[in-house]
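You will see two complexes here that share chain A, one where it goes with chain B and one where it goes with chain C.
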Partner chain A sequence: MGSMIAARDSSSRRKNYTQIILYGILICFLLFIPLFFQSPYVLHLFILTLVYIIAAASMRFIMTSGQIPLAHAAFLGLGAYVSAVLSKHVGLSPWLSLFIAAFVAMGVGIFISFPFARLKAFYYAMVSLFFGVGLLQAIESLGKLTGGLAGITAIPTLFNTASKVPYYYCFLALTLVSLVILYRFEVSRIGWNLKAIDQSYLVSSSVGISEVKYRVLAVAIGCFFVGLAGGMYANYNVTLSPSSFDSSVTLWMIIYVTIGGMNNFSGPIIGTAVLFLIPQYFSGLKQYAPFISAAILFLVIFMFRNGLVCIPGLLMAFYKRKKSTSKSR
Partner chain B sequence: MILEINGLTKNFGGLTAVSGIDIKVNDGEVLGLIGPNGAGKSTFFNLITGVIPPTKGKIIFKGKDITGKRPHEIAELGIGRTFQLNPLFPNFTVLQNVISSFQIRPRSNWLDTFFNTPVYRKNEAYILEQSLEILNLVGLYKVKDELAKNQPHGYQKMLGVARALAIKPSLLLLDEPIAGMNPDEIDNTIEAIKRTSQRGVTIILVEHNMKILEICNRVVVINFGQKIVEGSPQEIKENPEVIRAYLGSGHDTKH
Partner chain C sequence: MAESTILLIVATIVNALVLSSMYILLALGFTFLFNIMGILNFAHGVIYMIGAYICFYMATVVGINQWLALLISVAVVGLFGIFMERFIFRPFFGNINSIIVVCIGLITVLVNAVAISQPYNVQVTPAFVQGILKVGIVSLSWQRIVFFLIGVSLLILVLLFINKTKQGLQMRAVAQDLEGAILQGINVHFVSALACVIACALAATAGSLMGSYLSLTPYMGNDIMIKVLEILVLGGIGSINGVLFAGLIVGTLDAVLPIWLSGTATQAIMMLIIIVILLFKPQGLFGKEVRA
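So, the complex of A and B:
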């Protein structure tokens, strides 16, 4: 919120400039990725990473309000299947079905969170867990529409080409827009109120923050973006099967968020890049991915309490300390 | 009359924590609420502020029936409060705690908030200014940028008062505001309460510490959920029933 920013000391202004420059470099690098990496497989990995970044960032958004979305992968699946069915069986343009999928996921999110928002945040975790299991069951049993366990195939795609380059740029743009929107929410009073509710619902409500309104809002926004990510996935990947959206996928998202750093907006982005992209990229490492993640998890738990995002800051502090001790000598 | 309570009752299973209490609170007064441990004082506050629904009875604030409203709606109407165990936003700074407590006056709509429009920025600038003024009033200006959870107990209690003032209440409920404070902090807090009262805010405060009676216009004593006596601080101090029920059992200052 504005006054929150104003309240910080002036040294943050210089930090802001370096930050802008760093983001500029990062975005340039991302724009050139299709030139650096010509292999369709690698580009495929980058595209999936973008989808998971939206999913993980939207998950973290819900988590800032103290709620744990244990059905987040199921909502990814909901978005994916809605967009797949609408574009394949109803004949809508994938560009339209994608956004309808996001709104359907948002609506369903509101519907399941509203009755429980008055109770403790913990109930949302429980109800979403059951909802996730139920949704996958429904997808499996609606064989005619969804292809059942075997999955749905021949989903219309967003672009009429075999090349992955247009998908990469399109998804990069969608991801950046989604992240900017989530970021705007987070740094505004809305984001602060979500964090306030997480810290004490008693205090929050005593100063006029409606718990129900903000908890449902967090879920609505989070589900919108994960539904969008699902739709993107469906109309890119051509095929879907329920196993891509089971609770182990939710678990992985939670790991991306927590290892990347729950308390920082970039946490889920870095977590997804490190834990999803890198093991897949070095495909020799793929079967070791769980072990690598476990090792990083331990490292984070014991050394970097605030996740991978805090490593640069720690390094800077270490470097500064070294410099000052060598000066004093 | 700002607040009128009729036959307020709360049963927790078999236990009647508050039993048919009638209280009238005049505009601008400081009303003390005293009674032994477990008398039902905190429950009384929780009933007024909608944290728990009453079993029976009516709560009328500024002529409007507010029984059964949710806590955030009560706050919007202008009833601020602190809590006995004083929960805070521990991971916010002291200043952020107060800024986050400005939700109502002013309130920006979601579009202004999301797009960081001039309206929103003006509101936030005003909130910052007001928050700093409140921190000055309660004497926390010097620690404004420190995390709330790292503050000593006395500061946290005062922060609770600062937070409640941020909603710009016309009625302020303070649950044991000076419990556990050192003498300096007590003087400081009593001064802040006096000044708040001088600004026209009606105050109801719960305390075990008899020192606070000095600033009350009127005192109500409750025991076992019932109002036993009501009168001026002097009358209360001399009332034999009070001495038996309350003072006789020792000045208990737990929590």
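So, the complex of A and C:
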């Protein structure tokens, strides 16, 4: 985390402008994606990527407080199932159920994180893993409502069209808004307090940061957004099954965060985009496709310890070194 | 007491003992790796699966004696342990996120390789020991008794190794204080390689035996990994006594609960019990402060 602080201090105004221009280009590119790619399958992939970007970014937000939330995919499932059940069986509008799902996930997150705040490091990770497995099994055993192992089908959708373009724009907007909110939280006092707790909960509580309060807050914010992502997934995908939210999905979400770069806000975004989209390009290999993702994992973790976001920094350092050596000659 | 009740009780006790001893073998290897290298080897379940498949392959396709197949599987997986220590764990000493990524990479590669090469999803290794032991009205298969005895004798061997030999002393020194051990001239890399080999060999043994006791699937490592994590967290990560005690608890619950409950409910109840215990004792039953 120390390098991050240094990077913030040294960032000049000019760099800020280039950043704004780069983000502008990126957003323009994202806005034009439905025009570039006409095929509904490609658009489907982009939509799912957006959902997972919210999930991974919210997971990283919890991880900045030093907690490894291995129940995160189960919360994604909770949001999805709450939204699906409310819109299908209760008959609420999907737009309303989406946000109710987010609040339910947040409520459950707060409810469990008060007792879990006693646990540290691995114990928190493992207990949250067990909670996630248990939550998913509870969802599965409510057969009448959730369809059990077979899953729930014919969930009302957000738009009444077969086209995927409105979903893409809607989800893009929701993702951008969520990311901006998460970013504002991270650079606010709350975000710095969370990082302080991560570094030393003893020191941070000695300077008046309530450990329990901020850890619960981190989980609450993270669970809200993952619940939102779950609701979006449910009302877009029409069908749900418990296997899409099991613990391996959580581990993949951790991988998205780590491969992208844990120390940077854009880490989970880049990681999800790379690891979700590139293996899909090789989906013609069928059962050999997982090897592609494994190869990416090994390549990135052995070559770029701090994730993909550190590549520009490494290139910059390489360029500078080359320049200085040529000057000294 | 009715005859069927006695049979049920005896069968449950034997099941509990066999399951516990296998779980303990796996969890002990995991604890070794955690104590000595400070890593959580999430690929332990996959090592177990690979051990089971090598034994199965040797016993059925190649067609040699099951016990020889077991030894070959242990040797191959033990060598794989040296490879893992050198190229997978040593570069990421103590970095939990990177270890998770590497382990998932390993799991993806190995599980998919096995799933592709094995067209049938569920297989069983032929029985290691045949015959049934009859005591009065109770009849037990010799296989279960032999498995339990193997588990217990391996446990005793490992405990003797840790407590009585020079290498075991070195391991305990490294687990206690890495820098101190290096200053005393202990070859840390050798000790971690040894720990890795022992852990992998124990996992391969458990896998080979369970392949005959239950069945083989490419995904058998996932369920057992959850069990191992339950045992570790319940006993306190890094504590060997904790592993023995928690292994007995988890194995017994695993054998007893399915009598009344369905499979998923058993899992959920186990999770609930462990979460409640941990809320009252956040470091596990025998755990110390975590080094992280």
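We adopt the following convention: the second predicted complex is superposed on the first by the 297 of 329 C-alpha atoms of A that agree within 3 Å, B and C clash if a C-alpha of one lies under 4 Å from a C-alpha of the other, contacts with A are read in each partner's own complex, and residues count from 1 in each chain.
Here, a residue touches a chain if its C-beta (ideal position, glycine included) is under 8 Å from a C-beta of that chain, and two chains touch if they have at least 3 such contacts.
All values derive from a computational prediction rather than experimental measurement.
Looking at the shared chain after the overlay, A:97 reaches neither chain B nor chain C.
Between chain B and chain C, C contacts the larger number of chain A residues.
In the superposition on chain A, A:64 makes contact with neither chain B nor chain C. When the shared chain is aligned, chain B comes close enough to touch A:184, but chain C does not. In the superposition on chain A, A:192 contacts chain B only, with no contact to chain C.
By the touch criterion defined above, A:87 reaches neither chain B nor chain C. Applying the stated contact rule after C-alpha superposition, one finds that A:126 touches chain C and leaves chain B untouched. When the shared chain is aligned, chain B comes close enough to touch A:207, but chain C does not. Using the contact criterion defined above for the overlaid structures, shared-chain residue A:252 touches chain C, although it does not reach chain B. Under the contact criterion defined above, no residue of chain A touches both chain B in one complex and chain C in the other. The touching residues of chain B, counted against chain A in their complex, run 49, 51, 70-72, 75-76, 80-81, 83, 87-93, 95-96, 99-104, 108, 110, 113-116, 120-121, 124-125, 127-128, 131, 144-145, 163-164, 166-167. For chain C in complex with chain A, the residues that touch the partner chain are 40, 42, 91-92, 96-98, 100-102, 104-106, 108-109, 112, 115-116, 222, 226, 229-230, 232-233, 237, 264-265, 267-268, 271-272, 274-275, 278-279, 282-284, 290, 292.
If you check the complex, the residues on chain A that touch chain B are 1-4, 6-7, 9, 184-185, 188-190, 192-193, 195-196, 199-200, 202-211.
Residues 68, 115-116, 118-123, 126-127, 129-131, 133-134, 137-138, 140-141, 247-248, 251-252, 254-255, 257-259, 262, 287-288, 290-291, 293-294, 297-298, 301-302, 305 of chain A are the ones that touch chain C when the two sit in their complex.
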